[in-house]
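My questions all concern the structure below.
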Amino acid sequence: MTVFKTYLKVLNRYKFTVILYTALLIGFAAINNTAGTGQQAFEARKPNVYIEDLDNSELSKDFIRYMDTKCELSHLEKEYTKDALFYRQLDYYLTIPKNFEKDILASKNPEIQVEKTGDFASYYANMLSERYIKTVQVYASTQENVSALIKDVKKNLDTQTKVHMETTLDKASIRSITNYYNFAAYSLLAGVMYIIGLVMTTFKREEIQKRMVVSATKQGSIQIKLWLCNVGYALILWASYVGISYVICGKVVFSQHGLYYILNSFLYLLCATSLAFFVASLLKSREAINGIVNVVALGSAFLCGAFLSVNLLPEFVLKIAHVLPAYWYIQTNEFLRGAEVINTSALQVMYPNMMMLVFFTALFFGLTILTSKMRTRF
Amino acid sequence: MNNCIEVKDLVKEYKELRAIDHLSFEVKEGEIFGLLGPNGSGKSTTMNCLLSLLKYQEGQIKIFGQEMKPSAYELKRRIGVVFQDVAVFEELTVYENIDYFCGLYIKDKETRKQYVQDALDLVALNDYVKFVPKKLSGGLLRRLNIACGIAHKPDLIFLDEPTVAVDPQSRNNILDGILTLNKQGAAIVYTTHYMEEVEIICDRIMILDKGKIIAQGTKEELKNLVTMDEKVTVELDKDLPQEILAQIQSWEMVHNLSMRDKILEVQFKQGNYHLSKLVIFLKEKHIPYHKIYSELPTLNDVFLELTGKELRD
Amino acid sequence: MFWINFKYTLKALFHNKSLLFWTYAFPIILGMLFNLAFQDLEKKEARSTYDIAIVQNEAWQDASFYQEAMKELSSGDDPLFHIEYTSKKEANRLLKEKNVIGYLELQEEDFDVFVTSNGMEETILQYVADELTSTKDMIVDVSIKEVDKEIKKGNYNIQAERIEKKVREILDTEVNLQDVSLDNMSYTNIEYYTLIAMACLYGGTISIYIMNGISADISSKGKRFSVTPIKKGVLILSSLCAGFLTQIIGIGALLAFMLFMGNANFGDSIGNIILLSMAGSLAGLSLGIFVSSVVKMNKGNKDGLLIGISMLCSFFSGMMGMTMKYIIDTNLPILNKINPAAMITDGFYALYYYHNNERFTFDLISLLVFSAILLTISLIKERRVSYDSL
């Protein structure tokens, strides 16, 4: 009991920092998810297009109407459009020039200015506007009446290829929950490491350490008790994190998919706790721990795809990332993102990843006991 | 001689606690002034008020005839302080630490170099100039702490328990150093709860308890304050019977006595010929004894009688 | 006194391992990680060549127009598609194993598109099928109209080839789309900018270290400083200068690393980059001083608070998702107007993207104002040198 009581005392001393970090890290995940900053490059979405209409003619309006059917027309204030383009919140900026209608009808080829980001969506938007203009040009060669021209163009462009797609997944909520739990690779790890580091270094100040070594309790048993205390804090952090996921992602959290996300994050949590415990056992100063936490948490988050989509990372980086627990954790999340149903073959994919997390947990825990055994001989 | 410190009616209150209660005293130039008292008696608080580190509610503090304020920079230049906790930079060496703090008083490079050397000599740290504090033992660290506080040759030095938890060698070195500084002309305010030190080095002593002055004066004056006089100890073959003890106890000049493990201790009140009277009495009763010796009262006894508390608590 | 304090503070800072880590090693380590993680990002975002399959059925064999169009789309330097012509069964297998993003099957005149999800790639595949069909329709439409016209003119000798040629001509005219985008569109640079911003704010740990050392209520060293004849303001300023020098060397190293070894791009205005880094460092130091003089907490919690604030500021300026800064800028601009990390990030962004001195100047001035306000408040607070308790 003394171990537990001392633990609580130390925790209480740093309650401000503990609460601050817990709130911050969960807050980050929540804000990040609701603000939708998750990587969208591969997601199904309409390109965001801003059209500046200098012609204001029947034809230019029809151009806008057509783009509106395929794109998301942006109603941003114009001063923000340059920023929006840079941040990929706008993919395409199109200026319909003055005399657009007149030039088309006169079979001239008017110059149209565009700005684009260079990614998928802007490419698509560019194809769409090219197609419209070309179609208008072709029909204009046979037709001088604007309304009739618009009618012809509309008829032609309305062709819609039949698309066959078999998927039952609610892609939007799956995306949201995947992004949220991918973010946990950072926030759970950072949270657990910060707090455990803070508490353990205080705990380890030599007087306390020596007193514990000479006390009647076995060294190994103290280590296990401490680890359990750490798991206790970690569980609270995790429970809050999972709780917030329900607020943000909705009932998908309790679907079969959701439960696997939660299970996976639990295994990751144990692994993070164990790693934190190990790091804390190696180092004496709190500052050193803070440093390691930042490097390990931010580093593995960036290298394993917690903030950005895994698809965007270079191959060799992902190879390096194999040595990080976060990699295996995120692999499972990404698999769940695409898995239609969770059947035996799906489990066969996920189990090895999860076993890796268990392996890492055991590894770090074993290393902790080993190093602390070496340390008790002063 | 002029007063270098004059304190009048000093009152310092923490939230509920009155830590210093209408304190008035003076310290004269060139003397070593001992500030005695148990833990929590207000010694450090008094010192921190004198240095304007702490705000106080009432009273007046004058140092070298001028009012002491946080912005009294000219006064601060003449003061040196050695705090109880070691206050040095872990990242800097012994020499750099002394030079740093000395440099905050002394601008001239050459003078400073000489002063730092003098301080090193005083605390005998010449062999350790390149060491960082981490590598120093507790006693050496204390000496460094002192050197940092006095290197600028101040006229008034405050020392707050500079010998707590220090090995005997370092302690002797420190006490010698203090006497040297005093000989060079500095007035010293010395806070401690080690009686022996005060007896050795202090010219005048003030005893504080619960923020009030209990006694003030030279060693002799203080000892005269108390009714007790010498204590005589006799080593015997066996314990004395009750009736003999009762006889001794009944003497008018005996304060009290005790008989334990064949040792008799008799505490006398003020007066003369105590020892011979006891010896004659033992002879008359044919009681053999081995050793017999007498001790004069110490400040500790003075303190005990005045406060009823053990000093070293 | 100013100089001796400056000299020894500098010396102490350079011997403090944990501060050196935060100021020098940590940002560069993160910078290296960023280099690894982001080097392919924009390349991968851009359109590449997609693997698709086309079912070779009877309808396809007859559709020479489509065959030709597809040949065109899959040839050249940067083709849109890489096409497998296979049986329906094989196409299905390729799709299931994700070897292709989708396949097309021609049914009579129209395409059916088979995909497993509706991402951007699939949208483009669908679009191409749409366009092919409608172009074919268009040729037919226009040809009919041309024929009508000729007949109306009384010309019954219709030359199909001539009409087709005319339509082709129109179709082959390039649409005159002028790309007027700004040159510097690489938005991963924001990550590097936020990293510099974070490094600047972490420099606040230097100030906390300094302030802990000279505050009588925190350390005994502080008591010692309080009884010296040096003015507190002078003491703080001279220590701060030493801190600033330490910090600026760290930021300089980070900048040099990014400029010469990393993928980051800062635009061309070196002078302004240095100016902004210096203002950023000052803001970080001021934040540290502010935290330590205004907030009364123990050492551990103070450092914790500063790192927490730095993380929060970095987060809102886009470190954990670059678009966050834009979202804040458009929805809650006031937040980033008081966020030093956002000011620093935005300053670099203005230099890189806009080559625009107006926005940059605004950011620079904001940082200076931010620092001035925090420093003034802290110095006023610190001037009361007597304490209620120690």
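Read from first to last, the chains carry the letters A, B and C; within each, the first residue is number 1.
Just so we're on the same page, contacts are C-beta pairs under 8 Å (C-beta built on N, C-alpha and C of every residue); 3 or more make two chains touch, one makes a residue touch a chain.
Note that the structure is predicted; figures quoted are calculated from it, not measured.
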In the contact graph of chains, the distance from chain B to chain C in steps is 1
With chain centres defined as mean CA positions, report which chain is farthest from chain A.
B
Please report how many Å separate the Cα centroid of chain A from that of chain B, as a whole number.
66
Counting in whole Å, what is the centre-to-centre distance of chain A and chain C, each centre being its mean C-alpha position?
15
Would you pick out the residues of chain A that each touch at least 2 other chains?
none
In the complex with chain A, residue positions of chain C that touch it:
17-19, 21-22, 25-26, 29-30, 33-34, 36-42, 44-47, 110-124, 126-127, 129-131, 133-134, 137-138, 141-142, 145-146, 149, 166-167, 170-171, 173-182, 185, 187, 190, 297-298, 300-301, 303-305, 307-308, 311-312, 315, 320-327, 329-330, 349, 353-354
Give the list of chain C residues in touch with chain B in this complex.
1, 4-5, 8, 11-16, 213, 216, 219-231, 385-390
Can you tell me which positions in chain A touch chain C when the two form their complex?
13-14, 16-17, 20-21, 24, 28, 31-32, 35, 37-38, 41-45, 76, 80, 82-89, 109-121, 123-124, 126-131, 133-135, 137-139, 141-143, 152, 156-157, 159-167, 171, 183, 186, 194, 198, 202, 285-288, 290-291, 294-295, 298-299, 301-303, 307-308, 311-314, 317, 320, 338
Which residues of chain B touch chain C once you look at their complex with the stated criterion?
14, 48, 51-55, 70-71, 73-74, 76-77, 79, 81, 83-89, 91-92, 96, 99-101, 103-105, 107, 148-149
